[in-house]
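Presented below are the structures under discussion, each in the form of structure tokens.
Note that subunit A is present in both complexes that follow, paired respectively with subunit B and with subunit C.
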Partner chain A sequence: MITYIIRRLFLMIPTVIGISFLIFMLVALSPGGVGAALRVAGGGATEATNRAVQEAYLEDRYGLDAPVIVQYVRWLGRISPIKFGARGQIMPTGERVSAPKPLAEPWTRAWLGAPLPAAPRGAEPWKAGASAEEKSIAYARASDAYAQDRAAYVAARTLYREALGPYLRSVGLSGAIRGNRVRGSMLADHTPDRASAHWAAIEAAGARMLTSYQRALASRADLAAAFAARPFPQAGVPVVPGVVSVAWPDLGMSFARGRPVGQLIAAALPVTIGINLIAFPIIYMVAIPAGIAAANRAGRLFDVVSGTFFVALWSVPTVWAGVLAVGFLANKDYLGWFPVTGLHDAGADRMTYLPSPRGDGTWSMGYLVDYLWHVCLPVLCLVYAGFAVLSKQTRAAMLDNFNADYVRTAKAKGVEARVILFAHVFRNSLLPLITMFASIFPAMLAGSVVVERIFAIPGMGSLILEAINLKDRELILANAVMIALVNIMALLLADILYAAADPRISYS
Partner chain B sequence: MTSATPPAAPADNGPLLRVRDLAVSFDNRDGPRIQAVDGVHMTVHHRQTLAVVGESGCGKSVTAMSALQLIPRPPGRYDRGRMEFASKRGPVDLVALPEARMREIRGNEIAMIFQEPMTSLNPVYTVGDQIMEAVLLHQEVSDRDAFEIALQAMKDVGIPEAERRIKGYPHQFSGGMRQRVMIAMALACHPRLLLADEPTTALDVTIQAQILELLRDLRETRDMGMMLITHDLGVVAENADVVCVMYAGRVVEYANVLELFGAPLHPYTRGLLNSIPKLGERRERLLTIREIVENEAEFKRLPGAQGGIRPWWPWHDPPADLTPHEGPAGDYHLLEVRPEHWVGVWRTRAIEGHEGRLPDLSYRKPLSEPATGAAAG
Partner chain C sequence: MRNRFGLKDLVLLVIVVATLGSVWMSMVQEDRRWKEIDAVARRVQALEQGQARVQSTLDGAGFGDLSKRLGDLGARLSDALERGVVAAGPGSGTSGSARDTSWAVPGVTIEWQGAYVFDSDPAAAPGMVRGGSFTEAFNAQPSTIVPLVYKDVYGAYVFERITEYMAEWDPRTLKPRGVLASAWQYAPDGSWLRVRLRDEARFSDGAPVTADDVIWTYQWTMNPQVQAERPRSLLDFIDRIDRIDAKTVEFRFNKVLFTNLSAAMGTFPILPKHFYEKFTPTQYNQATGLVMGSGPFKLAALDPEGQWAPGQDVRLVRNEMYWGPKPVYDELRFKVVRDDLARATAFNNGECDLTTPSSAQFARLRERADWLANNEAHMWYNIRGGYNFIGWNCGMRNARPTIFADKRVRRAMTMLLDRELIRDQLFEGLARVATGPFNQTTAQANPEIKPWPYDLEGARRLLEEAGWTLKPGRDVRTNDKGEELAFEFTYSSGSEVTEKLGKYLKDQCAKIGVRVGVRVMDWSVFMQTVDDRDYDAMTMGWSPTSPESDPNQVWHSRYIENQGDNFVQWANAEADAIIESGRRELDAEARMKQWHRLHAILHDEQPYTFLVERPWLRLVSKRVGNFVEYRNGFRYGEFFMRSGGARPVN
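And then the complex of A and B:
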């Protein structure tokens, strides 16, 4: 059994890689590609040159200028718990930093003549005995400086490309500029015409590019030195020091929110789990007894009525039911029994946890009751459609077993009808219910997009919807991989439960 | 004909089970009710094996299951008749017993073994648990003692390594071993009557012989009565004391095993016996049952045929001098044609006033003496 579980866990790795690859490529294939929302944001600049600079900056900052497959491999490296090379460090904000990114070389440097000096050595980042805070400030300063210098270099490079444009067009090489990049290979054999009318502009832009490149190199060296001096605690545990280490997956930073994705999920997940921890027991506690009772009275009134009722509920679209619930049950013009949106009253932070008396003889609802009151309608919308499938499954499984020979044997032994129902028939009907659980459980963590949207609940469903709307790559990928993992885990759990429920199933 | 009571028989205070005029019918959605059993009479005595023989659908199993009220109702219904059982707490009518009292009898005083050992055990419990369930239901014992009883029951039915196998699940047992488990479960509470519904049909011949021998031994040591339902006449010859041949829900012939095999009176019984090959006999082909029952002359060979007594046969038109009784099965009577040999006959004028007694045989075949003249099945 243990061997089986371990084998299954190892098999998950290729599965997750496959799923993440598919999702990554789907995002990349969609109009605008990865980071489309960012490009749109960059497009806020009115002037074409400004927009080009802005775009180049963002692409550089988020690594969007590399080919999609390279981006994917980089992402995989971050998500993988097994890390290669220098270990990352965790800043107090929760953001994980690694060694500074390498700097791309200037384009067509040979045309500009001036040879570059050797890469500078970084300055000593801080004096020996500096406090953690001083180190942190020094690192942040070095990091900011590098970010600025790098941005300046990327901007200068973009302007250089803009300057190259008219010249290349005049000599019939306009294909050498593709998107934001200049394809050096196409220009390697070209001898530049320094007498061209465009040459003065090219030279000026080229000189600015080289200067900013040198400055960026210097500040990069400073940052590298600061990083090597380890201002923050290192992430993970080394396996082979300096080469291989094991660390929690780094889910990256959300493009749209500028916060670590891990933190966003950590905020949304408990909200969804909280609601589902109320909804799922209700579904199971209603549907399974109803299914058992329906099987026990197959074809009689209860069976027909409960079956019809549950299927009718199942047929009501959640969107409509949610809107009706808000419109009639929450609207103050009608019943107004429940709050319309959110999970808490505005003043919930000042409430006690349990209901408590206020000074004036009235009662304060308390945090817990306030929460339960707020989740009433969302939970209602989550559960009503769930009864049908589960109760029908239970009923069918029970009926299958009612006519089994061992039930007759048990009856011939003198076992009471009620004991036969539960100990013999229901016990044998567990397998389909376990299968159902495996398909329902992931939904518990993924959240319901519709319900969370209608009731403005900041759970996983809302988070995923927002991520998709904004094409927030990191958030989409992190959510997708998490849901994939939960799905695979649920299947594994179901397989383990099968073995527990049915002695005929064995994995050894 | 030998109908002498064997000396080993216990003091006979009446039969263990006496079935009188039992009728069971089933609801049929698209037509009239199906009369599965219609006026069946039979008895089972202590340490006696009554074999109930007949083709599929003749009502053998319905009769046995009625004794435990295992017929699902609806669609089933007990139309009339009694099944008088000499329970430890005095005589009871099994088909009229309330459910709570019935549960005390099921598995405790009357146990049943089914045809399908492969599916008759619950796959999710260990065999030990399933035997213990019966023990704990009917005996005031602790779990520990129940375990010991279950273990002993498994040893009694000859399951090797019972200590280890008691913790096994049904799927880990072979068919023969599962049937032994079923028998152990049935016998764990020392029932007085065992209903064995084709206990060996699903098993191969060597295992079949072992199981039947086991049942025979247990019948002797436990002082049980046994109703053995089968369609295998070889099994009947080997194991039965009294044979009850059924057809279309009624008893067509009822006699002790030697009598029945030696001198079958009803054409259907003759058909059954003739359709079996005999060792040392050369024949081109065997007679089919149809060849015999479709021969009018066969129906005239019954003693008393000259007096107007005709064997009952559902495919024949009733004789002209039929004087049916009021009510169901009124055209039929189980008549003691010869001493201790009953045949199902039409209730013609000749029967009127000569109904005689209904079948009740305490005959037990002497243990050493195999049924000579029996078909070698």
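And then the complex of A and C:
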């Protein structure tokens, strides 16, 4: 059994890599590309050259200027708990820093003459015996300087690309500029025409680019030296010192919201789980007894009525039901029994947890009751459609067993009907229900887009939908990988439960 | 086999009961602690209010001024005693109350700003009540409310209540007026601007607003590690900011533009250096509710460890230390309800006091007398209302000119569309027909220009003139080369209005022999297509942010290249010249003449078919008093709340 579980767990790794690769490629190759979110977020009234610089800067920040495969490998490296190379360090603020990013080469350097000096050596970041605070300040200063110089270099490089544009068009090589990149391979054989009218502009922009490149190289070297001197405690646990270490996966930053993906999920997940923890037990507690009762009275009035009723409920679209619920149950012009939206009352953050008397003799609902009252309508919309499938499954499984020989034997022995029903038939009907559970459980984490939108619930459904709309790659990937993991785990759990429920099944 | 209640079960039962009991007791304990904290918080608030009252009494008595005057008097007395003569005060002897000009550059006019007061004083409104809470429901979730790094207009709505700019648009004259600035000097050649901050301006923790805060905020915005791309890109006209003295800064500009004055003082809110300095750029970028400023409201709980996060209501309380006109109600709340119907229901149920409805809801509700008894429907045009248009690609697509390269075809298209019908059917009549890119509320629009009439016959004539004729037996016009008059209409999915517009355009074109294909795409793909100029016709909207928009980036031919915003690829030498000289013209009247001329050219050329200008629509509960429509929106600080404001049923 144990070996089986371990084997299954190891098989998860290639599955997750496959899923994430597929999704990564889907996002990267979809029209509009990953930059969509940046474009939408950046918007506004900016001048065109400004916008090009800004886009180049954002692409540089998120590493979108590298080939897609490289981006994917980088992402895998971040998300993998096993890290290679130098370990990151944890700043006192809790922020993880890693070695400074390498600088991209300037474009068509050969055209500009002026060979660059050898890569500079970083200055000594601090004197021996500096205090932790001095080190931290010196590191922050070096990091600021590199960020400034790198941004200046990216801007200068973009302006150089724009200066190249008219010239390349005039010599029929306009294809060498693709988006924000200059394709050096296309220009390798081209001998530049220095007599061209555009050359002066190219030379000036090129000189500026090279100066800013040198400056960025120097400050990068300084920062690298500061990083190598280890101003902060290191992250993770080393396995082979300096080569392999184990650390928490880093889910990356959401492009559209500028916050760590981990934080966003941590905020949305409890909301969804909280609602589903109420909804799912209700589904099970209604559907399974109804299924049992229907099987027990198969073909009679209760069976027909409950079956029809559940299927009718199942056929009502959630959008419609939600709108009706808001329009009639929440609208004060009609019943107005429930609040329209949100999870808490406006004053909930000042409520006590339990219902308590106010000074004037009235009762305050308290946080708990207030929450339950607010989730009534969302939970209603989540549960009503779930009854049909589960109760029908239960009924079918029970009926299969009712006709089995051992039931007839038990009846002949004179065993009580109640005991037959629960101890024999129901126990043996559990297997299909376990299968159902494996498919329903991941849905608990995914949340419902429709319900969350209508009732203004900030859960996983709206998080994922928004991520997809904005092509927020890190957020989509993190969600997809998480749901994939939960799915696989649920399947594994179902297999283990099979063995527990049915002695005939074993995995040795 | 019978289940019997054994010892094991008893132990289990005891454990379960004990656990439940202890959970219950810890809840009760937590509640007691919570009540204690609540009482302390209330006491702190009362203390704060008391302190603020004392402060304002002191301000009112003018003690600060008095001690300065006493000091002056003392200095003059001792001066006189030393010289042994009685010195008369210079001038008329009122030098004590004359304004301090030691900060200014001599010889340059000082633009003194009046006291910062209400435009419509709630205290003067009939039935004014103090206290209460105001709630607005937003249509979308702001992902952060932190200034500079905010992502959407809702984030800005929130932090603009908490922080203040140096200047804002005067809602009546639409000219810049000082908020934190008490005066400024603008160089006659437009190369620098010296700004004096108000002596009384304070942040919500009581610290004064100083030149260092201005300079720090500017440097913070320009720091590439701070994700403030949007304001940063708008500030490229500033060369540097110098500190003149503790209350005075000087901006140095690297180009002379008419927008410099307002953009320098109105692009970034002034943030307290002493508060924000503690945070690293990364902490600032990832913050969701780290807002502190000098405005009339402050966050109810400004706690860097437990910040406001998306999904919660934003709760602001009155800044008791506010230096300017203090709101009369206590609390300002923002909640988010994305679904249109749910939002309207929440409004009807009294869960919010103000919200933005859909056009259809607005049109329906304002007809209902029973609804109007308790609520108001406000619709007004202001400088932030944008316009919708259809853009015709006037340049090349795939290295071939489109059919819209000819201005007669463009004008025919405009005359083909009944814009009044579009207004009434697509926008529920809640809009007005646009005449050009400039907002008709402002002086920038040329009042003489009337929209082209709806005239099918005229459109036919124009197409004939342009060489597109309808051969007998065919239903699509062709030119002499045999090419069909056909184009593709591109729009982004998700809006019912644009969908209907597409159908209408197709129908109308069919009437006069033009074939239209429709291409619908996702917003990001749509933007890519537009940037690549790979379309014939498209529709979109622009929203201005200031009463005088700079036509440069949309209409200058320079912005055809490099994916600029002149995506219709419209090039006109005269327009280019007007834009260039107009932007450099610092005299408002002369500039308006230029814009009027540009407006006329655009009207003649029709690179866009200007459809409608949109007003602001707001549903306001009658609980809100003193809601005034201004030409730049409305002022939250001026409301008062009858009967306490929105309260959910409880």
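Throughout what follows, the second predicted complex is superposed on the first by the 469 of 508 C-alpha atoms of A that agree within 3 Å, B and C clash if a C-alpha of one lies under 4 Å from a C-alpha of the other, contacts with A are read in each partner's own complex, and residues count from 1 in each chain.
Basically, contacts are C-beta pairs under 8 Å (C-beta built on N, C-alpha and C of every residue); 3 or more make two chains touch, one makes a residue touch a chain.
None of these values were measured; they are calculated from a predicted model.
*Asks:* Judging by the criteria at the top, classify the pair subunit B and subunit C on subunit A as clash or fit.
*Replies:* Aligned on subunit A, subunit B and subunit C fit with no clash.
*Asks:* Where does A:I454 make contact in the superposed view: on subunit B (first), on subunit C (second), on both, or on neither?
*Replies:* A:I454 contacts subunit C only, not subunit B.
*Asks:* Could you tell me if A:L301 is touching subunit B, subunit C, both of them or neither one (first, second, both, neither)?
*Replies:* neither
*Asks:* Would you sort A:D502 into first (subunit B), second (subunit C), both or neither based on which partner it touches?
*Replies:* Once the two structures are laid over each other on A, A:D502 reaches subunit B alone.
*Asks:* Have a look and say if subunit B or subunit C is in touch with more residues of subunit A.
*Replies:* Answer, by number of touched residues of subunit A: C.
*Asks:* Quick check for you: in the superposed arrangement, does A:R427 touch first (subunit B), second (subunit C), both or neither?
*Replies:* Touch partner of A:R427: subunit B, not subunit C.
*Asks:* Looking at the overlay, what does A:R259 touch: subunit B (first), subunit C (second), both, or neither?
*Replies:* Once the two structures are laid over each other on A, A:R259 reaches subunit C alone.
*Asks:* Which angle, as a multiple of 10 degrees, do subunit B and subunit C span at the CA centre of subunit A?
*Replies:* It works out to roughly 140 degrees.
*Asks:* Kindly classify A:V240 by the partners it touches after superposition: subunit B alone (first), subunit C alone (second), both, or neither?
*Replies:* neither
*Asks:* In the superposed arrangement, does A:G414 touch subunit B (first), subunit C (second), both or neither?
*Replies:* first
*Asks:* Is A:D405 touching the first partner subunit B, the second partner subunit C, both, or neither of them?
*Replies:* First partner only, subunit B.
*Asks:* Pick out the closest CA atoms of subunit B and subunit C after fitting on chain A and give their distance in Å.
*Replies:* 5
*Asks:* Go through subunit A and flag every residue that touches subunit B in one model and subunit C in the other.
*Replies:* none
*Asks:* Can you list the residues on subunit A that touch subunit B in the complex?
*Replies:* Per the stated touch rule, the residues are 404-406, 408-417, 424, 427-428, 501-504.
*Asks:* Under the definition above, what is the set of subunit B residues touching subunit A in their complex?
*Replies:* Listed in rising order, the residues of subunit B that touch subunit A are 68, 70, 99, 103-108, 111-112, 114, 116, 119-126, 133-134, 137-138, 169, 171, 182, 185.
*Asks:* Which of the residues in subunit C end up touching subunit A in this complex?
*Replies:* On the subunit C side, the touching residues are 27-28, 30-31, 34-35, 38, 133, 135, 141, 143-144, 149, 151, 223-225, 227, 229-230, 233-234, 236, 280-283, 285-286, 288, 309-311, 313, 315, 333, 335-339, 341-343, 345-346, 348-351, 521-525, 527-528, 545, 550, 552-553, 558-559, 561-565, 646-650.
*Asks:* Note which residues of subunit A are touching subunit C in the complex, please.
*Replies:* 31-33, 36-37, 39-52, 54, 57-58, 91, 93, 95, 140, 143-144, 147-148, 150-151, 162, 165, 256-260, 263, 267-268, 271, 323, 326-327, 330-333, 336, 339-342, 345-346, 349-350, 352-354, 356, 365, 453-456, 458, 462, 470-471
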